[in-house]
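We just call them A, B, C and D in the order they show up, numbering each chain from 1.
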Amino acid sequence: MMTRVGPAARILLLTVAGAVLPAAASVRPAAAAHRPGNEVLIGGAISMTGRYAEPAGRQVNAIKLWVDELNGRGGLLGHRIVLRLLDDKSDTQTSIKLYEKLITEDRVDLLLAPYSSGITEAVANVNERHRMPFVAYGAASSPIWEKGRRYIFNIVAVAEDYQKGAVHLAHRIGVRKAAIIGEDSLFPRQAGKGAREWARKLGIEIVVEEHYPTKQTDFSALLRKLTSAGAEAVFSNSYFADAAAQLRQMRELNINFKLYSSTIGPSLPNFPEQLGSTAEYVLGFSQWEPLPHILKHPGMKAFIEAYERRYGEKPNYHAGGAYGALQVTEAAVRRVGSFDQEKLRDALATIEVHTVFGRYRVDARGMNAHEGLTFQILQGQRRVVWPDKWAEVKPELPMPEWSRR
Amino acid sequence: MAPAEHVRNLAALAAAAVVLALLPNHLSLYLRSFLLFLMMSVVLALSWNIISGFTGYTSFGHVAFYGIGAYACAILVADYGWPWPATLVVGAATAAAVGAAIGYPVLRLRGPYFAIAMLGTAEGTRVVATVWDGLTHGGLGISLPSAETSIPTYHAMLALMVVTVVVAYAVGHSRLGIRLTAIREDEVAAEALGIDTTRYKLAAFTLSAVFPAVAGGIQAYKVLYIDPPSVFFVQITIAMALMAMLGGKGTVIGPILGAVILYTAQELTWVNFPTAHLIAYGLFIVLVARFMPRGLVGFAIDRGWLRKGMVR
Amino acid sequence: MSRADDVVLEVRDLRKAFGGVRAVDGCTFAVRRGTIAALIGPNGSGKTTTFDLITGLREPDAGVVLHRGENLVGLRPHQIFRRGITRTFQVTRVYREMTVLENMLSAAPLGVPGREARARAAALLALVDLTAFRGEYAGRLSYGQQKLLEFARALMPDPELLLLDEPAGGVNRTLLQHLLDHVHRLRAAGKTILLIEHDMTVVMAHCEWVVVMDHGATIAAGPPAAIREDPRVIEAYFGRRPAERGA
Amino acid sequence: MREEAGARGREAGELPDALVAAPGAPAARRGPGPGGWRERPDVRSLYRLAAFLAAAYALPFAVGAWAGTVRLDAAWLAGLATVVLGGVMQGGVYAMFAVGLTLIFGVMRIINAAHGEMVMMGAYLTWVAFFAFGVDPLLSLALTLPLAFLFGMAVQRLLLDAAVGAPELTGLLITFGLGLVMIYTAELLFTTDFRTIPYAPGTVVLAPGVAVGQNRVISFLMAVGISTAVYLVLRFSRLGKAVRATALNAEVALVCGIDVRRIYLLTTGLAAALAVAGGALVSIQFGFNPETGVVYTLQAFAIIVLGGRGHYVGALIGAVMLGVLEALVSLLVPNGTAMVELAAYALLIAVLLIRPGGLMGVREG
């Protein structure tokens, strides 16, 4: 007589079966997934929720625009493109699992990049092992490309260059002492490293360098510390919330600096509108601006109009970078003539493409020497003030005192 | 429970372990990861259950131990070149030491105050990991040297799960489990009736800190990049509590059931509809906590399908 | 009262105050081995607090509790339990979401192996007629049954001294008689029982020694017959006769 | 004298003496005679807490002196005054967060993990009123507060009624789940973009070199005004007495003819309204998006513990103390801003251990 299986045992076996079956159910026969109509599957995981959702959201717009346009032009190598974008909830562990799913489960033909340096650093191990290349447009921390990886390329300028323009402009107006503050995470600290090196090269003394916790909202004490240390300029490696709080509290405490620059905040579309006069004269960095008459990159005007028609706002550099990276990917696939990943990798390492975002030509590490722009917010508009070859207008520096605005 | 029944249950566990052990080579990388994180969920839910399920001291900061284990592995592998299995031992020892050090004072608090104190402890540990640049690289996070880690980490997590289930089963079906549960039911009476509540609480707390630390270490070697927000994320503690409660806290099979069901459901639902998934997850937590505080096992016991109590 | 070996518990000048209120204020008495003693007194005379002080649930402000020559003050309740002194509670404190058997096993001393603990628990449950409910949650038992369970649970470590806090409270006659019969059996086996009780018929009929407390202090101690006549006791219970109140 | 009936099950606060004494350690010899001031445990723990807080506030100065960020000249002192004043202002806003949480916790022993999200909801309501209908952020409160009150009552009726009296995990998980639903619904409606309201950007100069932002002053005055109003209601009105009675002992209140369930409804409604008012203050000072609520919840936890759970005035004091401490640490300690979070959590745990009753709460036996 079969021994009676105790209730706990029965439940235990049930749970193990329960674990394997549903997981197996999600395994659709890979081949059929995207070859019914001879389609090509392009996939990636990006932050649709969580702390990175704001900038990443613009990249999702650009990706969708590119896919629809490409299908409009007959697809890629005659294949219609199917897009699979998953949400990594701004979480490293989730992102790893999703990329493993896209590569080994869904067997995508082309990989799209995630957003943020931290997640890209983690994902770079996965695609490297599976020898599937992709062009990163959401990460700008050079350590990712200093580990001898062969299957990850970059189109955007690196974090170290974000404050390059601001430090040069500070040097030009005779700033002797400056401060570097920023959020304590991978990208801002790399931007801070760059600012420190450029300041050293140009002989500007860094009197205070501090990182604050990600959700910091009150900066009055920190700003007070900067003035008492004699800082004339502030290079702030900040996103929207911290940059806005810093500027607003500078105004409240009537703390005046000759120059204030923020890496990400000012380049986000509604920064000037939301802060009004408080945002005037602030310097910001941008990988790219929708200014075809100045940057003169091929196809810019068409892309800007198409994006604005579809999303009701001009593309910012997050969108521009994504679109440019996909143009490079398209060019590489056309050159290789197939989706052979190894050939695609070699193409991406050698190809030179003039995209809407700028020239793409990577070095041995896979990094593109993309040159960004520094702009100043004047009358609520972002105006390019550096480098000189692309400057629309002369920078109005040093920043006037709060009382005289 | 009659000894024969114990043997049967352990045999079932052994069978499941063998099946899971043979699987990885036949599975895609994604399914291997899925099962690895599923087993991790079982480990976390069972560990949280040892202190909060049995003794009723609801820990709202158990992610602290998970993070400590992750950092022990990452620091020792990335900066000191240790072999990763050895780091798991260090992580476990550190978590046990921290657990004992924190536990002794904090376990004197009851109910909501213990929960808040543990939440403060976890957030405090995250800030220490962020600020102590020299050791943890702070906000930069730590990336480990890239290597094929999915098979070894899978087997490590499987071993950890088996050990955790055996320990939880031993605790849950013994007089130790009865004494811990007595502390939940009426701590003053338990003390008056010969149970050294301070020592038992501390023992259960320290034990419940060790397994999450090892799980954190294995996960760190699997993901190969960690930073404070990802390994000290408050929602990891919430998930532990929810899985234990969904299955039936204070039992052994409960947390296992809860972990499998919740993690699998989450995996299947979120891939298809991202934002709505998170609203659904929120609603799910509310419904479980509101209508099924005694979980599936409690539900079954109330219907008489399952015998009451852990010991027959 | 004779000294030394045959006194199982001696309390000397015990004091405990909660803020300004002196709950126990000079409580002194002794209990001889193998006897059934009662601790009586009007409501609020500090009886239950005295029990708490003896069993370590509360720490006295002053005074000593001697057992086998050792002062129990300062020991944790579980240490006192392991020295063979167990108790029941005025309002029953059973483990509600644990089965009756588990309630019993929770009180089994550490050294006792599993099988022996189970046997002892089964015997005690049989004694209080709760065997049928061994798999049921203690919380689902009637009040009287919970009292019996608490009584049986206190006997798990085969204690030397058993403190019963109002055993008769809320228990029907037949059940009470059953309980008292067993108390006498324990006394015959050389155990000592100290109970707090308001039901004078029970005290007078079953106890050999009675200690009376009033306003936190022991005012009298002796055999039940003497205590019934003692003016101080009568005064404590019924107040002074009008004539003498002026003194 | 209360016989040892003792409410069974979960006693709030610390354990009875028996379970607290270190295992085996003989009880410290007590001073002669009961009732001496040294005797009474809650007085002694108050002194220990006061000593700890004094040390906590002196520490930043000591570290500052050692690290050289402290200079005793006029400009620096003016700066210090500004920062401390800023801390007090920040404390005012924190109070708005903590007060609502204290009410729910005091009355029902439920920890509302969705409190931060209610604050965030307040910020969005104010934002919509300002940008969509052009209503001044503070005037819009006239509309948003009643809305919040109804929302609070609905939450109580649908969800929290079941959590009253249940073990704390039930309340925690229900409110945490509610918080998630609120976050991701907000993300659906408003995307994750950061928002803020440009409002009263001017400066109020109190003394030479000591200036505070206009909107911070307005927020502080608003916070103090609303908190005091609620305090007066609680203290003197019949309704207030009923709420406090329910907080002390729900069963007794029930017996005295107080419709306890109605009190719960009003309490949560009031708490939600306070949270939304706090949200309005956030919207005119800081940037916010659906995810920023979590920070407010954690800060409010620290405050209700410091101030004394369920003790209204304690929450106000605790909030200002936390605000000032954070300001001092940020100003004086090198890399201080990173330490600010650590200061808040260290404070939380230390107070819980020294005196779980917090500043005002009596150490419940």
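Please note the rule applied: a contact is a pair of C-beta atoms (placed from the backbone, for glycine too) under 8 Å apart; a residue touches a chain by one contact, two chains touch by 3 or more.
This is a predicted model, so every value here is computed, not measured.
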item: Pair of chains joined by more contacts [C-beta pairs], B-C or B-D; value: B-D
item: Chain at maximum distance from chain C, centres defined as averaged CA atoms; value: A
item: Whole-Å gap separating chain B and chain D, where each centre is the average of the chain's CA atoms; value: 30
item: Inter-centroid spacing, chain C versus chain B (mean Cα positions, whole Å); value: 43
item: Chain centre separation in whole Å, for chain D relative to chain A (CA means); value: 37
item: Chain centre separation in whole Å, for chain C relative to chain A (CA means); value: 74
item: Junction residues of chain C - those touching two or more other chains; value: 56-57, 76-77, 93
item: Contacts with 2+ other chains: residues of chain D; value: 6, 8, 16, 18-19, 23, 184, 187, 294, 335, 338, 341
item: Shared interface positions of chain B, touching two or more other chains; value: 127, 130, 186, 188, 191, 196-198, 275, 278, 307
item: Sites on chain B touched by chain D in the complex; value: 52, 56, 58, 60, 105-106, 108-113, 115-117, 119-121, 123-124, 127-128, 130-131, 186-188, 191, 196-199, 234, 238, 241-242, 245, 249, 275, 278-279, 281-290, 293
item: Complex contacts: residues of chain A adjacent to chain D; value: 49-51, 53-54, 57, 181, 184, 210-213, 215-222, 224-225, 227-228, 239-242, 244-245, 248-249, 251-254, 268, 270, 274-278, 402
item: Residue ranges of chain C in contact with chain B within the complex; value: 55-57, 76-78, 81-82, 86-87, 89, 93-99, 101-102, 105-110, 114, 117, 135-137, 153-154, 157
item: For the chain B and chain C complex, residues of the former touching the latter; value: 175, 178-179, 181-182, 184-186, 188-198, 250, 307-312
item: Interface residues, chain D side, partner chain B - complex; value: 6, 8-16, 18-20, 23, 105, 109, 111, 159, 162-163, 166-170, 172-174, 176-185, 187-188, 294, 298, 301-302, 305, 309, 335, 338-339, 341-342, 345-346, 348-349, 352-353, 356
